[in-house]
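Each of the two complexes below includes subunit A, the first together with subunit B, the second together with subunit C.
Up next, the complex of A and B:
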């Protein structure tokens, strides 16, 4: 009898340094990892992935991976597609909070406001919804 | 000072460890509060995915990188994309000077973590002021 493969989900944030969307993508991804699905998700360090990390690239090839990008440049999604194949889902923070807001100045976690927290929660919910769809698809495999 | 005449500070912003967050926060503090007229940051992922505009921005000005772990992804990637890296800062080197301080997690920093970030940012600022205007 074969054992069921333990499925971990990768959540890859652009964590962009130049705009608010990058901060939101980072904090929403961390919230998924820390609070929502801590045992079922792992994050991939995008700089290491881009710098040639084979373990990271292999993970994204073999396991469902969700890209979370701050703006429509979609660096995380494009990087995964280039080195590991299609992503299972892609979230664009700019679709959730608007282009102008997402491309606004980068934010330190020191300066988070209640309004920013709502943006993080909205993005976390969007990632969670994609996760739920993907886990159901895995369960029927 | 136009944007392309600014020193570029590029952190790794690694997601998995507190040191990645510290690299990011030290950079933001430097470019938004300490020397906004002389320095700016560029998204590392945007640069490394090969965007021409991002590559042009690092082509003519000094770059400082700051990495959270010994893999030195920011330093190696910026150099590989043609950047003139004047100094490779390492968060861990500064953390070691603050013995016993627990800096926090990859999500949030402690008060001690912010103290170390302030220390790193001050070092970045000093280097920016040293190399600003040098060009390549």
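Up next, the complex of A and C:
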């Protein structure tokens, strides 16, 4: 009898310096990791991944990975695809909150408003839905 | 701080220190007209930031010891004006960063504000302390050791040395310190220099700053005990002075001597250092 593999999911957020969409993607990723699926998800430091972090790249090759990008530049998804292969799912925050809003200026977490919080919740929900689909697929294997 | 900078944070997401870098970068950009450089986008779309990083002094903020932002700057051949590693700064302040959550508490936010202020303050302080008044003789005669295309110069008069390839030039009760020609040639192009803190009291053989090139990091070992009364602020914007002129324009710091009479016994003359230099060059020489 083979042992069931413990499945961890990588949730990789874009770096989020450029725009509000990036900030939202970072915070939603943190919410998934801290509150929604704290034992089942890990994140990958994208700057380290790009700088050549082998542990990060190996993880993304071996485990299902959800890319969360702030805008359609899709830096996170493209980076994973370049160094570790296809992502299992990709979320685009600009699709959820609109291009204009997503491309607004980045903000500090101390300046978060209720409206921003709703955007984070919406993105968190989208990641969570992708997670549910992926976990079911893993259970079928 | 009133200057405009290009600010490059590591912006790592998986450690608290990385979260703090973002807050520091935003705080600096809010106070100035500085440009925020996204490290990830810079990797994939270099041209977007080309103008900013070339026209403005660059501030680099690393989150942890991986120093991804510094490595990125080195890979792009950027000259760093000032940099900071948040985890090291937190440790120095006795501030323990949380490992169980990445959400920033008031303590971490306060730290971010302090570090943002410090990053700007130190830049200005370095400018103010750029000149030492004590006169130091310019070396005009050098002992030379040549190996293939490499030529290593060591001043013949007025300098002391350590086995760690640092030098000391005394003037009254003060002295300048620096690194030898051997260090600058071994490191190749020097990208960044972290000076010792002004007014700090250093013991003989304490660390007196760090020099970084694309190849390696070199800790400057202080040849004598003393109080740091000046640092060479020009190295902040032109660390290549250490390559170009290690015994003159590339001086690192000036000390007020506290125990020179006893410590001089542990220093090397030109002749003594030349023996060590030759052995190092011969042992490590790669044809």
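Brief remarks on what is shown
Keep this in mind: the second predicted complex is superposed on the first by the 141 of 141 C-alpha atoms of A that agree within 3 Å, B and C clash if a C-alpha of one lies under 4 Å from a C-alpha of the other, contacts with A are read in each partner's own complex, and residues count from 1 in each chain.
One rule holds for everything that comes next: a contact is a pair of C-beta atoms (placed from the backbone, for glycine too) under 8 Å apart; a residue touches a chain by one contact, two chains touch by 3 or more.
Everything numeric in this text was worked out from a predicted model, so none of it was measured.
Overlap between subunit B and subunit C is detected when the two structures are superposed via subunit A. In the superposition on chain A, contact of A:123 is made with neither subunit B nor subunit C. In the superposition on chain A, A:51 makes contact with both subunit B and subunit C.
In the superposition on chain A, A:37 makes contact with neither subunit B nor subunit C. Contact with neither subunit B nor subunit C is seen for A:88 once the two complexes are overlaid on the shared chain.
Contacts of A:65 after superposition: neither subunit B nor subunit C is touched.
In the superposition on chain A, A:15 makes contact with both subunit B and subunit C.
Of all the stretches 25-33, 187-195, 241-249 or 277-285 given for subunit C, the clashing one with respect to subunit B is 25-33.
Shared contact residues of subunit A, touching subunit B in one structure and subunit C in the other: 13-18, 22, 26, 29-30, 34, 43-48, 50-51, 53, 73, 75-76, 78-79, 106-110.
Touching subunit C in their complex are the following residues of subunit A: 13-18, 22, 26, 29-30, 34, 42-48, 50-51, 53, 73, 75-76, 78-79, 106-110.
Interface residues of subunit B, counted against subunit A in their complex, comprise 10-16, 20-21, 24-25, 27-29, 32, 41-46, 48-49, 51, 71, 73-74, 76-77, 105-109, 114. The residues of subunit C lying in touch with subunit A in their complex are 9-15, 18, 22-23, 25-27, 36-41, 43-45, 66, 68-69, 71-72, 101-104, 109. Against subunit B, in their complex, subunit A makes its touches with residues 13-19, 22, 26-27, 29-31, 34, 43-48, 50-51, 53, 73, 75-76, 78-79, 82, 105-110.
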